[in-house]
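Going by the order they are written in, the chains are A, B, C and D; count residues from 1 in each one.
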Amino acid sequence: MDVDQLRKDLVGLHDDLIRWGLVVWTAGNVSARVPGENLFVIKPSGVTYDQLTPESMVVCDLDGQLVDGAFAPSSDTAAHAYVYREMPEVGGVVHTHSTYATAWAARGEPVPCVLTAMADEFGAEIPVGPFALIGNDDIGKGIVATLRGHRSPAVLMQNHGVFTIGKSARAAVKAAVMCEDVARTVHIARQLGEPLPIAQSDIDKLYDRYQNVYGQR
Amino acid sequence: MDVDQLRKDLVGLHDDLIRWGLVVWTAGNVSARVPGENLFVIKPSGVTYDQLTPESMVVCDLDGQLVDGAFAPSSDTAAHAYVYREMPEVGGVVHTHSTYATAWAARGEPVPCVLTAMADEFGAEIPVGPFALIGNDDIGKGIVATLRGHRSPAVLMQNHGVFTIGKSARAAVKAAVMCEDVARTVHIARQLGEPLPIAQSDIDKLYDRYQNVYGQR
Amino acid sequence: MDVDQLRKDLVGLHDDLIRWGLVVWTAGNVSARVPGENLFVIKPSGVTYDQLTPESMVVCDLDGQLVDGAFAPSSDTAAHAYVYREMPEVGGVVHTHSTYATAWAARGEPVPCVLTAMADEFGAEIPVGPFALIGNDDIGKGIVATLRGHRSPAVLMQNHGVFTIGKSARAAVKAAVMCEDVARTVHIARQLGEPLPIAQSDIDKLYDRYQNVYGQR
Amino acid sequence: MDVDQLRKDLVGLHDDLIRWGLVVWTAGNVSARVPGENLFVIKPSGVTYDQLTPESMVVCDLDGQLVDGAFAPSSDTAAHAYVYREMPEVGGVVHTHSTYATAWAARGEPVPCVLTAMADEFGAEIPVGPFALIGNDDIGKGIVATLRGHRSPAVLMQNHGVFTIGKSARAAVKAAVMCEDVARTVHIARQLGEPLPIAQSDIDKLYDRYQNVYGQR
């Protein structure tokens, strides 16, 4: 897959953030690693979603420095770059401030795994990462420290929002969509009482099956 | 009604799940029994809603085995198949993780019948079915054990989501739409106090009238 | 304004119910009195919103009997007819089960007048009408008994939903949209504490100004 | 930038209020100062959003008197005019009754700054302005008294709704969109506990960086 195709794909994946209600105005961003190169493609900074084109996407190296593009890269580029440097298995990263997930993040509280769809996709609670300021590697370090060795492809960065990872940018977008969906459902369940727990052994079975059987072969 | 028509109808009915906000990404599915045959048509597994076409729908037998189609059937096919085997009056089945209904399911709590629209359509509370893992007939058994002899065409499967049944796939989709609508309204009512009860005799009158008088003859 | 124009207008006004999220599936209806005649035009029963056309609308007399149309009239026709018989100043009636307003109705609790926009449009709390079964004039009687002499053009029928009235069908639709909007905002305000009251004298000033000054002359 | 361009821009910016769910029916309005003149352009009163055209926008002087246009100006014109008279640095003003922000306003409670996106855009809590009746300069005075010297470009007018200001009309619309977004997220966070605070020194750093670094140069 070449850079031109990734630029096109990123337009559609940013549309998905809008379609599923995860972002407002210019917030949020998706990036994709360029396979076999020390590069990734990411959204430009402060551009509205309906102005995004393949050409507007920017290419950065793994230090987050602009390599190709007419715009400045997303202000979250350093966090994406850190993840790509430290987690070679990651092919895509997504960042949003989606409402319900960010509400859990504001309380610094993980989303408990009380839905079968959550066991399928996340295999565990959705964990909370540290409070970190933008401007250096602190956000990236917090993401990697939380997600390395964790089943969940999503982390709730405290007082901030969601970062998700995936084998591809599309997988990371899916994780962002599912993260908001389960964060919302569990929030609403808890408004009127306590959700029933799912036994760890059942979470394990659901996770294993979904990762290995679901979808088209 | 032949299989080709059912495949077309299912595209429109899956669009209804999106239109009324019952599903995200690839979650959820609708199936329709082929009249007079031991077959049903169902959504393929892991395909996004905007990629669904009549041709992408798959035909299964009542054991849930693929009979015709280019894709693997929905991962929930076994549950649909079990319902068709055990409930010959059922012509359509729908499954969603719609937010408010699933929140009640996460607490294992039925939705009380406190709205006239709910008395019309469901004639009773919306009941909760057992926790069951995917991969065998447990989900199907739980659906049938809960809905057989119950007025409600919808069951909240614990920690999981909603299954609805109907004489046709369209009727099952309607039940899924109405289930989320009343689950949401009753949830919101209960956030600030207790909804007023409706007398059982009034529920009976409303249910009887709606099932026999409403709509075009 | 003749009947053909009213039929066309009603299609657009039903679209407004969808656009502003007040209805699902086939629920809800709008009617318009035919000026100078003992007739009104109303939505057909059990027809989906995207199938509504000017021709599908039906004309009824003030006893709710079908006068012209290919479909059966809305199952709520008797309530509309009663309002037109008893309130000659009313030119339009709307019925919805919009979520937040119906949640207040389920608790039998009026929406307190704590927003300036609510003082403008409703001039008072939005009142609750009695529980009433469909099938005779009980719903119509409850609407008229509650709204006659009340500033509010909207009533929350207990355990049921909203009826609004207006000089025209468009005014009644506006009242239905604003009713849900303020029911939602006041609900959300009350989730985290008590809204501050507005003095009755200020409600009076706002109501008087809005009814007499707002909009184009 | 001339008046014709501002009229066109205002159509798009009013579309943004609809797109991001900040307004219903005819509520809400955006205005833009005409650079170098004692004039501003504003939405006409009581016109629906889908009827707005560049020609329908009206031009007023800084006393709020109509200078050019076929319609009466928005009923909130006096408040906009007062802001332009008193705050020469303001190029755009927006008013909405957006749901979550207005819910905080109904309780007279500021939105605490507990999200990094809120520190970025608002640099502080979103403050509450006084209760004020429409019809004279009281609303304008309340807006200016609250926002002058405050980092926040948004004020929650008690029992009423939101006013935002910006260097341009677009910046004021952005503030209105972000105000509702953070009001909603913080509301939802607080439904299930207390959001974690952000240290004032971190708020200061985030605000400074966002105002000076973010976006395209």
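The rule we apply is simple: a residue touches a chain if its C-beta (ideal position, glycine included) is under 8 Å from a C-beta of that chain, and two chains touch if they have at least 3 such contacts.
Nothing here was measured: the structure is a model prediction, and the numbers come from that model.
**Student:** From chain C, which chain is the farthest off, judged by mean CA positions?
**Tutor:** The chain lying farthest from chain C is A.
**Student:** Under the over-half criterion for shared residue numbers, do copies chain A and chain B use the same patch or different patches to meet?
**Tutor:** Because under half of the interface numbers appear in both copies, chain B and chain A meet with different residues.
**Student:** So, what's the distance in Å between the C-alpha centres of chain C and chain A?
**Tutor:** That pair's centroid distance is 44 Å.
**Student:** Centroid of chain C to centroid of chain D, CA atoms only: how many Å?
**Tutor:** Those two chain centres are 31 Å apart.
**Student:** Which residues of chain D are in contact with two or more other chains?
**Tutor:** Each of 191 in chain D touches at least two other chains.
**Student:** Provide the full list of chain pairs in touch.
**Tutor:** All touching pairs, sorted by chain label, are A-B, A-D, B-C, C-D.
**Student:** Which part of chain B faces chain A closely enough to touch in the complex?
**Tutor:** Of all residues in chain B, those touching chain A are 24-27, 44-47, 71-72, 75, 97, 99-100, 102-104, 106-109, 131, 133-135, 158-161, 187, 190-191.
**Student:** Going by the contact rule set out above, which residues of chain C touch chain D in the complex?
**Tutor:** The touching residues are 20, 114-117, 174, 177-178, 181, 184-186, 188-189, 191-196, 198, 202, 205-206, 209, 213-217.
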